[in-house]
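Letters are used for the chains, namely A, B and C, taken in the order the chains are written, and counting of residues starts over at 1 for each.
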Amino acid sequence: MIRTHGLTKAYGAITAVDGLDLDVREGDVYGFLGANGSGKTTTVRMLLGLVLATSGTAEVLGEEMPKAARHVLPQVGAMVEGPAAYDHLSGRRNLALVDASGPGGARSSRKARIAETLERVGLGHVDDRPVGAYSLGMRQRLGLASALLRRPRLLVLDEPTNGLDPQGIHEIRELLLELNREGTTVFLSSHLLAEIEQLCTRVGVLARGRLVVQAPLAELRGPTGRVAVHTPDVELGRSLLDGTLEEVVHDDDGPRLLVREPDPAALNARLVAAGVRVTALVPERRHLEDVVLEASQP
Amino acid sequence: MTGALIRVELSKLVRSRRTWVTIALIDALPTLVALLLAWTDLGPRPGTGPAFLSAVLTDGTLFPLAALAIVLPLFLPIAVAITAGEAIAGEAQQGTLRYLLVRPVGRTRLLVAKLVAVMAFVVLTVLVVAVTAYVLGVLLLGNETVTATGPATSVSGSSMSTAELLGRTGLALGYAMLCMLCVAAIALFFSTVADSPLGAALGTLAILVASTLLITLDAANAVQPYLPTRYWLAFVDLFRDPILWRDVVRGVVLQGVYVVVFLGAGWANFTTKDVTD
Amino acid sequence: MGDPPLCSVFEVTPFRRWCVVALGTLLLIGVPIGLRALPAAESDVSASALLERVRASQDAGWSGYVETEGTLQLPDADQFSDVGALFGEGTVLRAWWRDADHWRVDQLLLTGERDLIHDGGRTTAWDYERAEATVSRDPDIRLPRSADLVPPELARRFLDGVGDGDVSRLDARRVAGVSAPGLRIVPSSELSSIDHVDLWADPDTGVPLRVEVYAGSGKPAFTSTFEEFDGARPPAADVDFTATPSSDVEYDDVLDIADAANQYAPVRPPRTVAGLAKSESSDRAVGVYGEGLTQVIAIPLRDREADALRDQLAVTPGVERTDGTEDGPGRTLVTVGPLGVVLTGTEGEGGWLLAGTLNRDGLVRAADDVVRGFRYVGRG
């Protein structure tokens, strides 16, 4: 769906995006992760043809951008750097203007489409007050509605849950997952790890303009090969596991032993047999946060 | 498709309260002048004041022209510079430009639609001013018998039939609109360059003020024929007998060149620039 | 996916796009400048033949658009302010000339028009902003007016009394789109304040298209040139004037201060001043002396008029004031470029106003001669 080769954008001497090779596949919920200023927004803008690349190519929906913008963009819904609307007009009126200014979409079905989309993003009840009087969350929903209006094949969203309350975040997350199940590919750029972790199937991490990680989320969060044994009998465990024990942790979760052991079941049996009281025993998994931080080290 | 986009831009224009406030403000000045003239019956001294203002005391049907001469040098270009300066920079500042472009709206097409909308504003403003001025002129100004029946007097002292007066007034209004197209083209160019609509409007006004200043300066004689505002008041020549086409034609050509050059520059800049607002 | 868009065939880079705009701009600006820079075609007409042709053109009809540029800052006195504007500023004129008795010259103003329509012995002055037409007879003696500034009229005055020996050829130059051969006239009289006059004439009709007056070398003190010229005699309808019902029409017996003085002042100036003979047209109180490039007019002023003018002259830069002595009368003298003005007498007195293209010495001699030589005549 999105494929870039050596995509680069330089502003004078500063290289904002450096040799990016993105690969977003059909059906993905792709999490594009990076700190503020890492080049996320510039990349998104290059994909949408707003910013012209210094070198490299970007392919969206199989066609080169920005050359094929006229074919590609009607099938793409986007929200870039927060929503924007004409403040003195109502939400409905804003959507009507957006719909009318571009190609596709019969005029006769416009009203129905707008009503349906507003319903979908949870603004079905909204009255005719101007957008200027909207809350931040309502604006965010309106921006999303504007992106969804054309029933796009690809959604490119930049920080879509910004300014929403927990209930709103949950609703939007459910909506995106539902859209994804219906066949929409979602490209989600965010600096919030939790959001990416809960939504995405694939993750790309951007640091200082370079793509440092790109892999399926499941792979990134794979087991570390260690098992965490929560037990009050720390000393007993230590003597028993001499050789495979790597670390003893004392923190708020209570004391636990980190053991390199490929077979957690056998370990458990051994411990219990030796009289070590085990309150919990879990295979240790990698945290996305650690992966990101590690990969982002300069 | 461009038609649909133009409709959208026109609808934005018509639904904006600022459009109507601006038109009302522009219209207020000639209205005030008409009221003062009717009240005092005092025309400007010859050689001072806007063209036709002394003539309306005898012939009220000339007041649309006096109104044009009142608003053309300052009020109208300011309003056009602000409106056209808003075109791209305003959308950019609001953040709506990027959504228009990914909708997708072609950049050239957007520029054309914006220009059409600005010109619609110009036509609307000029017509509102002209109609208001005609009504005020006939009701309040002039000698009734002259206004109602007699032929109008041309600047050269000969008589003009009502049909001739109407035709020439139409030409003058069209000429003023063309001058404003030139302002719109300059402002549109600045609108693609500047970050804020205010910056675009100020850039345009700086050019117009500089041009107006240089016209009064003898040392700038050599460049005067190329200044954008040089021939703006040449519409007076349409009311000489026979019509003096020289400055009007030069004005039309000069405005045309400015329009082509600045629209070209605006187009080249806008279609190749990074939209990063 | 459909046809490839046009831009993939012709790669449109930002650079090329700007090139297109720059090229278009250059063309739009360059073509007219290039056209204007076309050199004028030279002519092999001799100076005397050209002089002859220009003289012969005095009955020709023509019409055109004239711009004059004066640098002569004359003192701004009430009665003479219009004259000051004519010589001190730029004027834009539109003229139709059937013959010396039927013409119309419109002075174009930003906010109106001031027109002169001449029909036989009658001149109508139309002022748009006053909505006023003033009809007067055309007097023998009057102050300069806009119609005197069109190149053919200027040339006609300057060429009076000029002989073959005073003229030489100049390179042709483009005037109003015509390649016009040029002629330089140098005054033969040592009294003249004019260094030389250059003119360029239409090669077909001989009508002068451009006249430049020089007080010294350097820039011309006064220029009058056609910007548009049509050598055909204009139809009678173009020089016709009928006032509309809403215009005021007035009749004036006295045109200006020179006319008034000429008609009513009870004095007669001498026959010659500074060796210059009085012209035939001046047989009353005002004297016109000399011809061509060496001319002076002497107008008697009453004390009220003279005092006002004297005050104005007194504050003009370069003024030269002399009190009356046994050797001669008091006077106030100003020279502006080629134009000299002297007013005789002192505060509270009437006096003679002399103005013309005489140098300082000539002017002083002329003033002294007038004051010594004029005589009173009985009223009636």
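In this section, a residue touches a chain if its C-beta (ideal position, glycine included) is under 8 Å from a C-beta of that chain, and two chains touch if they have at least 3 such contacts.
Since the model is a prediction, treat every value here as computed from it, not as a measurement.
Looking at contacts between chains, the pair that accounts for the most C-beta pairs is B-C. The chain with its CA mean position farthest from that of chain A is C. Central chain by Cα centroid: B, whose mean Cα position is closest to the mean of all protein Cα atoms. Between the Cα centres of chain A and chain B there is a gap of 51 Å. In whole angstrom, the spacing between the mean C-alpha positions of chain B and chain C is 37. Each chain gets a centre from the mean of its Cα atoms; for chain A and chain C, those two points are 84 Å apart.
Within chain C, residues 14 each touch two or more of the remaining chains.
Along chain A, residues 52, 70 each make contact with two or more other chains. Across the assembly, chain B contributes 272 as residues in contact with two or more other chains. Against chain A, the residues of chain B that register as touching in their complex are 1, 4-5, 7-8, 11-12, 15-17, 94-96, 98-106, 272, 274-276.
Chain C meets chain B in the complex at residues 13-14, 17-18, 20-21, 24-25, 28-29, 65, 94, 106, 108-113, 115, 126-131, 133, 227-228, 238, 241-247. Against chain C, the residues of chain B that register as touching in their complex are 46-55, 58-59, 69, 143, 146, 150-153, 155-159, 233, 236-237, 240, 242, 244, 246, 257, 260-261, 264-265, 267-268, 271-272. By the touch rule above, chain A contacts chain B in their complex via residues 42, 45, 48-52, 69-70, 73-74, 76, 78, 80-89, 93, 97-98, 100-103, 146.
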